[in-house]
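Down below is the structure, laid out as structure tokens.
A, B, C and D are the chain letters, set down in written order, and residue numbers restart from 1 in every chain.
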């Protein structure tokens, strides 16, 4: 038997923008066991619900994570809206989908860049982020913020986009797609990318289900699982088909994300086409009483918000289960049996968002 | 559109058998969550199968919070159980991986259980 | 062969294309109408109602009625727009220019002239 | 002199929400591209002159930040980026947070914003250069 060594990975590591610590047990070059330790970003923000009113909690929810900030806000608002039996105007719901899908494009482009960087493909990283800046420009133009924009609100959205602006945005989306196409071609066809990711970090369909994988990680292993199929909000009027790959390796996870960007761009065009005129928010009176598990689909997968109100302006409990938390057990499974050199690529392939995970 | 959510209340002794049954039926574990109530801890085990939401709920007393682990049946449960131990001080027995309270490494022990809503309400106005 | 040709066309195109870079700080930053920069107060109109102080989720705004001052700590402000929404006399506004980095944290204190209140009342 | 022409930076994510982190990364990418000024993001604290910290300090990463700071060579400057790193804003009330970065290590420049814009981050780094210069002169005269 080969000699066992323990290699610490993180928390400050060149390939990781965020701190996570893994103890890798190695036999020669092979990883045989992994022990994760988390908690570097644990802030304890769930307990803030006892200090901030339920309307201020939207700002806290948006700061769970800066990448999928808007969807966090929307998920929280949906939970409160169900508890309070609020009827949200259709226009607000469509705007939520618009910004939500735009966030997905931004998040996936960001991931594609980081993943390219992890395999040493520097120019691809730069090009992904160049296209991503165009998405951020749309955010800034419509809401005023580049990454965290505080557009969600209990009862609707805070800012409207005029019809003229929406028509202009349709053109901007076409431009983004035009710039994105050659980039996507590199991810789908380039030899380097395929060579580095094919058959690395394999996760079978059974394991993915058993270990509770969510989002692109699950879809790349052949599980058609997408919470947008629950048809919450405006997804009631917008049909979404989950994008599924069956290979189950890092490359399949990349392909899922590359294709989801096209899907999101398409969804946004449908939103611009279908969006009805009208109010953007309903007046909120009273305080939430009751409980609800709100489930929405984030760029990284399914996220669950549990809100429990007790009839005062402070909530009893606010709990978030974020997609990366659910993806840690599949990650441990993928890492077993890989080589040390593949660890960064595999860790990045689940799109880890540590500040979500530890809250 | 809001989904229908089935919440079933069970006893602590039933937990293992119910969890075994439901994971055999092909449900996946979505989350395990804990909520502190005035006289008990409310524990939620959430499962999902093809977008069907199913929740097992049980309550355990505040002064003697113990739970059997389901992590040898459903592996991902160990993360949530360690989390519950660190945040609420719930003793979970026989976890497949026990961090011994070092999961989140919080200076204060079981913050969610010791802080009550009354003494933290500091917001102005 | 065709690959090399393709490469050269890309290189030559890139050589003559306009730079993507915004060339900050040599050129001025690009702002949009809605860009969130910092909160500005119109001191002539402020009535010291201290609603913004109460509603601010982070406690960045401090209103002192006795000293007649309105202070904002831009290192606490999260640009959530809340104060602008609640202000009854709309004397607060979001400006596009961001607040500059400093070596010491200090609040920006604005004194509210007394005559403004009389004029309002 | 050479430091001023080409400072190397190291970035550590305290307990931030990622918002400021991706803006720090955005500074390195084509639209803002601070490599124009010879600024390089490195992974090793021993190579770095400026430490960029996003997010506040909590119980667990307190020691990590201290270690990173101690491992950097003199002269060094610390830039706290975003409202969390400056004061902790509403997260300062959380049970696990100590507050801003200045509770653990001395901070030279505070960059406001939530999330801080790339332009402000560039301004902050430029300001840190002046601090570095001053520190170096003090070191020479001492």
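The working rule: contacts are C-beta pairs under 8 Å (C-beta built on N, C-alpha and C of every residue); 3 or more make two chains touch, one makes a residue touch a chain.
A quick note: this is a predicted structure, and the numbers were derived from the prediction, not measured.
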Chain pair with more C-beta contacts, A-B versus A-D: A-D
Identifier of the chain whose CA centre is least distant from the whole-structure CA centre: A
Chain A-chain D separation of Cα centroids, rounded to whole Å: 26
Chain centre separation (chain B, chain C; CA means) in Å: 42
Chain centre separation (chain A, chain B; CA means) in Å: 24
Centroid distance [mean C-alpha coordinates] between chain D and chain C, Å: 21
In chain C, residues with contacts to at least two other chains: 20, 57, 59, 78-79
Sites on chain A at which at least two other chains make contact: 39, 42, 44, 47, 51-52, 56, 59, 63, 130, 145, 148, 358
Where chain D touches two or more other chains, by residue: 30-31, 60, 90, 93, 95-96, 114, 117
Chain D-facing residues of chain B, complex: 104-108, 111, 115, 122
Complex interface listing, chain D residues touching chain A: 11-23, 25-26, 29-31, 42-43, 45, 55-56, 58, 60-61, 64, 68, 90-91, 93-97, 114-115, 117
Parts of chain A lying in touch with chain D, wherever the complex brings them together: 11-14, 17-19, 39-45, 47-48, 51-52, 59-60, 63-67, 69, 110, 113, 125-127, 129-130, 133, 136, 145-148, 353-355, 358
Complex contacts: residues of chain C adjacent to chain D: 20-22, 24-25, 29, 57-60, 73-79, 98-105
Chain D - residues contacting chain C, complex: 30-33, 36, 79, 83, 86-87, 89-90, 102, 108-114, 117-120, 122-124, 126-127, 131
